[in-house]
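All chains are identified by letter, namely A, B, C and D, in their written order; residue positions are counted from 1 within each chain.
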């Protein structure tokens, strides 16, 4: 998560008289993060089914072959799929296949790779991240053009990969056309495009909720490599790096191992993704999270102090709550601060948050703020 | 795995007339690797139990607190436990807490970190691995003394961490006294000791099968940091790095994230280790694997051509099998080549290999070799 | 150099009728960079004197001992001096002594380490550079305070070193009090301060032109480690890294070698710095460069189109010149573009630029612009 | 230097009665290292000549163009020449152009890159060095073949560069045919060949003393990239990396800067190499060093205790001297221990050591040993 991280500790400062009434029970599923959510029952079932007898290690097993095929089918072309353990590892591994020495990654200053990976990209890649400011966490062709002066000078790192996040860290979305325009601009400048799809399930659900929609803003738009994330949307563990530009995958097996992302008992990641792609479960679950966020917005938009100007595009909202009620509310049902300088917090829904839980949370919010 | 990796492909060369008779059914659980094994039912159950509602991400959950406490209890002192995704990641993360620039890791030329991690240590740590030859994959104080000339010269890397593997990559074991002597020598030379315990369950079972036994060759022997591995012995995924020398853990949270090993839904690793430590399940399972290996040895030691000189200390054996029957046997029931130059292979048992499966395998071996 | 680098190639676009009259001879010493300047005669003499017989390699020679003593005397305390080959190497080496894994360097987005070292810091250090915007290329305590939210979160790199440049890449200067305030703020936040003194000779000359002045904005202000640069001011090659905080130098010998900065025939760098410190030659030469810049300013400030608002603090100016005359002028007497988007160029003087050369250059400028 | 480094400190142990007689004056030029030697007068003259007026920085100057042309002429084909500051930096920079992630460098366990660069290759390249044992510090095709099992396995680093040293760290030489055979074997295995020519002047002199001889064991033999070293043989500072395989140089400008090897006032390195290549000065000087070593051998080979079995191939010898006289001798005229375990030392001559100095040294040796 970005910016401010609320520590769940006792607040010693003066507490206002208004508190969450004791009869209001906090929701059992929190709005702190989609990382707080559980594993979907169908994924659990797939894990159990995969747990029979032996399977050759490191992906030489039928589950992995099937999951790889399922990804090629999903994207409508032969892609190279490399599973990784987690999101940071998947991003680092993806980028390691795309960079040469003295090359750089271009991203926004909100991007997970720049802010929330504790410097893993710089450490493992030995590369600079050029993080550009962006009010909505999106990059545009003009951002790339602004780097024109770096190219060809031996003193400067050479921008080589544009890394964008879909849905972004601010909960916004790129349209298919926007991704396409960015990819075109990048390719014209001899750059490659990486998409961090930690919340690609939410993005797909929001942008049409079909496989075609997913393809339109990824493979069809010109993205070269995609980090396909499921952990925030029903998977227990494991992410997939998808090479649409398969030439970039030439050394991907070695790079996966070197980046510590090669899982010995691979079948247990593969089986989960087979379940997620079956009947487009990943879209369904992304949609559920989005729907909960929309619900939460609809039920709170009238509370002026929250300053909720527009409905959430995906599964997060960034309301304003003054310090005193904020601390109380967080103690009652935890969520994170986002930017304490402006009293901004983040409410984030997950695939398993239900309407009664939204209602319970809203009741608490109203008791303190309305 | 080390050395030669048998590809499971068609062998075009001349095939001898003797084949595995068609009535012999290959065992359903292979001897290729303990990484081919499944997840233990109690671990699966723990995963299911942990999958209820929401839990704060990144280890701020009750499962993780309990698992951390369980490790402190296991080792009889307050240790710092940091979970990681996999073995390579755990090793790299452990070492990153122990090294300064221009310092080196001392290990054997058989060690997993030197041979089987595709250069992950060099890449992430930026450090040299000084890999010393050792016939039994064990280091001794005299090995450390042989590096004396490196210390204090600005031209040479400075040896700082001694990394040993228990059980070793050759299936041998350090006695508690041997570890103690090595730790003493290392500490006298201002070095630290890391133990790669990818097969620590097997080692514990073999060296006494009690918590006291485990302590005797780890914390009590002076080991500073331990990679505690469960994946090869019943865990689905996740390894634990245990800091006995807790001062070394001062920056371990940041280093874990930077080394891509911070798992968002941490409860699912923690719950597995709680199950593994409950009633010493990890020792039981390590013992089962060892027992199967012993069984396999006892049932094949009379086949002279295998050149099995001594019973396996843990769960692996390294017999000799000539090329032609080897290929046939591997096609029937896969296992890995070890050193093709001397026709050596590796048979490795796992916690879930049963006596009927050993018998089925031995029948195939006899049909071809005896 | 930053930003735009003018290539000295034929310009195919329309050329205006006005050209530099053929009777105007271009100055023999250019305003392109102080890196274009030569070696001072006293430095050459020192090199010759050092070139007698043999001297033990790697700094075990009397020249190095004397140069080290000279630096301790210069700064009025026992410092640790480590010579390096060049500026980028010296900076990287300095920072490598100050950083732990997952720690970051804070600098401005104009800083040489962030823009002009082709990613050497990220590659060698494996660390993130947090480059903050700054209109005058200077950092202030409030810039450090703005990073407060990063501290203590395992997801974020931990800011550890504040790296400032004196004189800055924009030719501005920190006063002693400004450096002191920044050091105090940094140390209060548990950070260290590195000063990139690639143009410290110019800065010293500009801020008092005495040893006391130099001390006031370095050692006395609380700077921990200083890159003392002479190459731009009369030295042939070699820079010095000065540890005021000598505890940080504990591993500096090893780190120097590992960062490829250990020079075998060290006496030839040491002898140069002895000459530079003798009778404060480094201040004299820095002053000469500054004086030339001031002269150039005084002789051109009336040309309104150049938009020269204030006299240069050190040895560089950033006038505005439209594209067409600019190309002509650069072809006649080369200097670099700075920011082509606003038609800004850089004029930079060196220690060896004389008044007749300034006059010659100004004549050319006037012929085209006035 | 390798192995043991004699510290020039007081020896507290019992000193034998025999000492170097006081009338014997130690030679003014030592046998400790060719790094202790000075700069050749013609190189000094070139430096002076280059020191006139301004020259564009970073190699955009006529001296550099001429030196680059001189190297192409030397090798009889269009090569890419990139100057670096020092030997370690040149090696690291050369290798950085040749490696991809998860690839490794193969060298001997005597090699400078493996032993004497304080881990710079691992730190900057993030790559493993596979250092093979070799009694004469030379690699042979069979050494490469022994690595066959590593190729194609994702668990292992992939050997990509074979790095050999000419003359080797043990003073031995590869014949042209030996280099050719090794290059053929390497290329057949899809590997590249780097030659560390820190003492290539000595090697050239020893192997024919002509340009044709040099070409025969470098460009004509199939070497891809050469580190051409002059610092040990008359140059003040600076080494050249020569790309015979010019495709490998595609990103060499950026990599040079990133590896901290880009020298701003490049003309001062270029001018030195122009002088060195003029009339084959580099061969003359290499020959002088070799001749002195031969002289030293001839004048001491009768001292049986030294165990000098064969004449030096280049400019170093490794005699045996017992501890007590050794310490005395080193105090009188410094040289380095090589392997204290067997009382072996290193005597190394440089281009500027004269016969009277050899005689003076031999007199001291005889006074103590004969």
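We adopt the following convention: a residue touches a chain if its C-beta (ideal position, glycine included) is under 8 Å from a C-beta of that chain, and two chains touch if they have at least 3 such contacts.
The structure displayed is predicted, hence computed values, not measured ones.
Graph distance from chain A to chain D, where chains that touch are one step apart, equals 1.
Using mean Cα coordinates as chain centres, the one most removed from chain A is D. When the C-beta pairs in contact are tallied for C-D and for B-C, the bigger tally goes to C-D. The distance from the centre of chain B to the centre of chain D, with each centre set as the mean of the Cα atoms, comes to 42 Å. For this pair, chain C with chain D, the centres built from the Cα atoms lie 33 Å apart.
Centres computed as Cα averages put chain B at a distance of 52 Å from chain C.
Touching two or more other chains at once are residues 58, 101-102, 117-119, 123-124, 126, 154-155, 157, 254, 257-258, 262 of chain C.
Here chain D touches chain B in the complex through residues 1, 3-5, 101-102, 104, 115-119, 122-124, 126-129, 149, 153-157, 340, going by the rule given at the top.
Remark: chain B residues 58, 96, 100-103, 126, 154-155, 157-158, 251, 253-258, 262 touch chain C in the complex.
Of all residues in chain D, those touching chain C in their complex are 8, 28-30, 32-33, 35-39, 44, 47-48, 51-58, 60, 85-89, 92, 117-120, 123-124, 231-232, 236-237, 254, 257-265, 268, 334, 350, 352.
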